[in-house]
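The following blocks contain the structures, represented as structure tokens.
In the two assemblies presented below, subunit A is common to both, partnered first by subunit B and then by subunit C.
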Partner chain A sequence: MRAAASLGRKFRAIFSAQLANMVAYRAELIIWMLSGTLSFIMMAIWISQARAAGGEIGGFTEARFASYFTGTWVTGQLLVVWVAWELDVQIRLGNLSPKLLRPLDPLWEHLSNHLGDRLVRAPFIALLACLPLLLVPGAGFTTDPRVYAAYLLVVALGLLIRFLIEYCIGLLCFWTESATSFSEISWLVYAALGGVFAPLQLYPEALRRVARLTPFPYMVNLPATMLAGDAAWGDVGRGVLVLLGWAAALGTLRLVMWRLGLRRYGAVGA
Partner chain B sequence: MTTPHDAALRVRGLTKHYVVHEKEPGLLGSLKSFVNRRSRTVEAVRGVNLDLARGEMVGFLGPNGAGKTTTLKMLSGLLHPTSGEVDVLGFEPRRRHADFLRSITLVMGQKQQLLWDLPALDSFLVNQAIYEIDDADFKRTMREYDEVLDLSGILRKQVRKLSLGERMKCELAAALLHRPRVLFLDEPTIGLDVNMQVRIREFVREYNRREDATVILTSHYMADVTALCERIVVIDAGRVVFDGDLGALVERSSPYKTVKLQLASPASTERLARHGEVVSHDGLGVELNMPRAEVGERAARLLTDLDVADLTVEDPPIETVIGRLFGAERAPEHA
Partner chain C sequence: MWLFLANSLSAQLEYRANFVGSVLASFGEVAVGLLGLVLFFGASDRLGGWTFPQAALVLGFFMLAESFISVLLQPNLNRIAEQVRLGTMDFNLLKPVDAQFLVSTRQVNVFRLSDAVVGLLVIGWAAPRLPDLTWGGALLAALLFASALVMVYSVWFMLSTTAFWFVKVQNVTELFNGVFSAGRFPAAAFPAWVRTALTFVVPVAFVTTVPAEAALGRLDAGLALWSPVVALALLAASRLFWTFALRSYTSASS
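Let's look at the complex of A and B:
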């Protein structure tokens, strides 16, 4: 209990500093947000396809496509993770050393850095998400507050899993020259199996089965469907359980990789 | 492994081997390396033994690539040794136990721990939380450090807008905020002007006196070492080649002293050479080397033989002594 309280105090101090850091970079952050418009491009493509097909594809109307892809954009913004890039630089250039000298796992600083970003990013996400919903007739998000509460839980778990996956990828730098190329592949798999390019409901059954073996559909497709008001509570409950399992497994993997990796750390230049 | 009460650090047979990949320069070299990557093992540290008592300040000297920093990294737990035993305050550094990390610090003149875009005070507050320093202790420590380092005017400035000297003062204070008992200082004054070097040295000396802290210092500025450390450990090619007091080092590596003369009237070089080896002879200014054991006798004879206006006897500069030591240690390997 005392250990948890102590960790809480440390985390609060790091979080305040990282939040201040993110506020200092708010202009860059907005530009970075604007560069992540893949969901809106996919939305335009699928809406035009639905129009050409007579108004809908696989039960998805123009309005439903707009709601779904706005949901994937909002969720994607909340799941942005760059920790692999940071670890890559820190391990290769030896910048990890000052952090290793402190009695606190550097993971907490990285995590607070991402959470600080989310807090600064949130108002801009809310503002930008309104645009497609206003522009496409019939599009919109659910008005059920319980869904939003469940959405926050699912997205929090999704962020934790994405963070842990990218953390493990960053730790590969203990064994390889650079880990960022793995991060690119990881994003592609996350986007393809998560439903960033198309709603998973439109995927062939075989591919859907493969996707369900990974955490990605529960990280993007599920929360986006929840915002669009199309998710069943049973799917949400199952999704939360799956995400908890993946979080535990990846948390363990991260710890093992961290301990093994530190034995190989070269502390280059410092 | 146990540590006696007055011992802060004990090292036995410490080694560190690295595997480094090698590639010839240019496109062809890149292609060859792609097909057949070559690597070799570098023995950075080879069987280092070291004992330090509590409160002791030791200068760790050696040329670039000698293994000084690698040794410090192993002593602070950043690097896992290939073999050997390390005990710092009863801890095995590589395990990075929280109590160990709370008892040591490693200041690296070329690396920073301060948050770049925020005022330095924010980094101090983060360290206060991480090291669980209560408010009263934090304020007292900040007051003490401010007295010596004059921090108050710079703590609220963004770190990236501080000068190198200002930043180094903040780095040092941040690294010592938790009052560590063992300090590993790796080039703490690098790039600083002379005034700032003196200020940092005074701070380290004062910290050592107040806290009875053990200090290992590496520096390319010999003035840092001569001002702070009575004991010198010289490391070369991964091995300790000297461990003793500064005076003994000078005696061992430099069996002569330099006598500087200002003559009242000119004398020929041949006449001067009767008293010692003539290092320089420029008009009335003369520099002679004399065997250390005979300096008194020879200087007295010289004063009766020559018309001397001024005479000083000096040890050779420590840089020369160290350079000579490295030369002597390497000679048999090259022979």
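Let's look at the complex of A and C:
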């Protein structure tokens, strides 16, 4: 109990520092947000395709496409993770060493850095998301507050999984120099199988079957569908269970890699 | 210039793992485009009036342009910001070579030629499946693509030159990438107002769609003439902007 309270206090201290850090860099943050254009590119093309096909494709009208892709953009923004790049720099240049002296796993500092960013980012996300929803007639998000509560849970789990995956990739730096290129590939797999390119219903059956073996559909497609107001509660419940399972597995993997990596890091004389 | 090339090559061969990394990144880039195409053509048989091989041709040009950016532009122009910040820009200005040439050609990221290889593979796959393709069209496409690369260089150079005022501009080029990634798909696939923006506000359509249209012999003469005009105008603008920026550069010591 005392240990948990002490961890909480340490985390709060780090979190407020990281939040101040993020507020200072907000101009940069807006540029990064605007560069995440894939959702909007896909939205524009699918809307235009739906028009050419006479109003809908596979049950998706212009308005539904607009709601869905705005949902993937919002979710994608909430799941942005760069911890692999930071670990890459810290491990290669040895900046990690002083952090090891602190009485807290560096994981918490990185996590609070990302959470602080989300708080600063949230108002901008809300503003930008209004644009496509107002521009495309009939598009809009759900008004059910319960869905938003469930959305926050699903996205929090999704963020945790993205974070742990990227953390493991970053830890690969203990063994190889090109860990960050794996990070790009991992983003791509997440975006492709998650449903950033199209609603998963429009994917070929084979690809969908592969996607279901991963946590990604529950990290992008599910929350985006929830925002668009098309998700069934049964799917949400199953999604949360799947995400919890993945989070536990990846958390364990992270811990094992961290222990093994540190032993190796010590061995090169740092 | 050959000297710069040789120097970059020997420095990069030190990091062999990066080679694996850049090959992976190239396949990633092309996978984004191909997956998009597979999904669009799974749902209907035309993408804004283009067939699959025609759209693949656009993707091929996109990969070639990406390669140009990552091999030549990114390693050099992103350094401008760093040099302004650290004050080492002074060394460039002191050398008896044109400074714009110097900051634009110093480094070459050879590994990202893998983008070009992938792009050529895609074009090679598409070409035999395109009955409209002619040698004349292909030649015109190559010329228009060269003029498109001049545009890309000028825009990148101007974005990087803003470093003289804003210092931290790596992100600005990220913004460029965000807009430019729309060039993976034929401009006709977008709704009309987006298409207009992609042609005249940010000339993304000139880089990938226009050369592909030329190769297919369906380009209207107006756009073919506009491409070099726009390219030269942008190049001149980048030159003017550079001299203007240098005037406000206060160097490291003052």
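Here, the second predicted complex is superposed on the first by the 265 of 270 C-alpha atoms of A that agree within 3 Å, B and C clash if a C-alpha of one lies under 4 Å from a C-alpha of the other, contacts with A are read in each partner's own complex, and residues count from 1 in each chain.
Assume a contact is a pair of C-beta atoms (placed from the backbone, for glycine too) under 8 Å apart; a residue touches a chain by one contact, two chains touch by 3 or more.
Quick caveat: nothing in here was measured; it's all calculated off a predicted structure.
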item	value
Partner chain in contact with A:S6 - subunit B first, subunit C second, else both or neither	first
Contacts of A:S181 with subunit B and subunit C, given as first, second, both or neither	second
Which superposed partner A:D144 touches (first subunit B, second subunit C, both, neither)	neither
Partner chain in contact with A:S97 - subunit B first, subunit C second, else both or neither	first
Which superposed partner A:I14 touches (first subunit B, second subunit C, both, neither)	first
Residues of subunit A contacting subunit B in one complex and subunit C in the other	none
Touch list for subunit A against partner subunit C, complex	28, 31-32, 34-38, 41-42, 44-45, 47-49, 51-53, 57-58, 176-178, 180-182, 184-185, 188, 191-192, 197-198, 202-204
Residue ranges of subunit A in contact with subunit B within the complex	6, 9-10, 12-14, 16-17, 20-21, 24-25, 94-95, 97-104, 262-263, 265-267, 269-270
Residues of subunit B defined as touching subunit A within the complex	18, 73, 76-80, 96, 98, 101-102, 104-106, 108, 110-113, 115, 117-118, 122-123, 125-132
Of all residues in subunit C, those that touch subunit A in their complex	15, 17-18, 20-22, 24-25, 28, 31-32, 35-36, 38-40, 42-44, 46-48, 168, 171-172, 174-175, 177-179, 181-182, 185, 189-191, 194
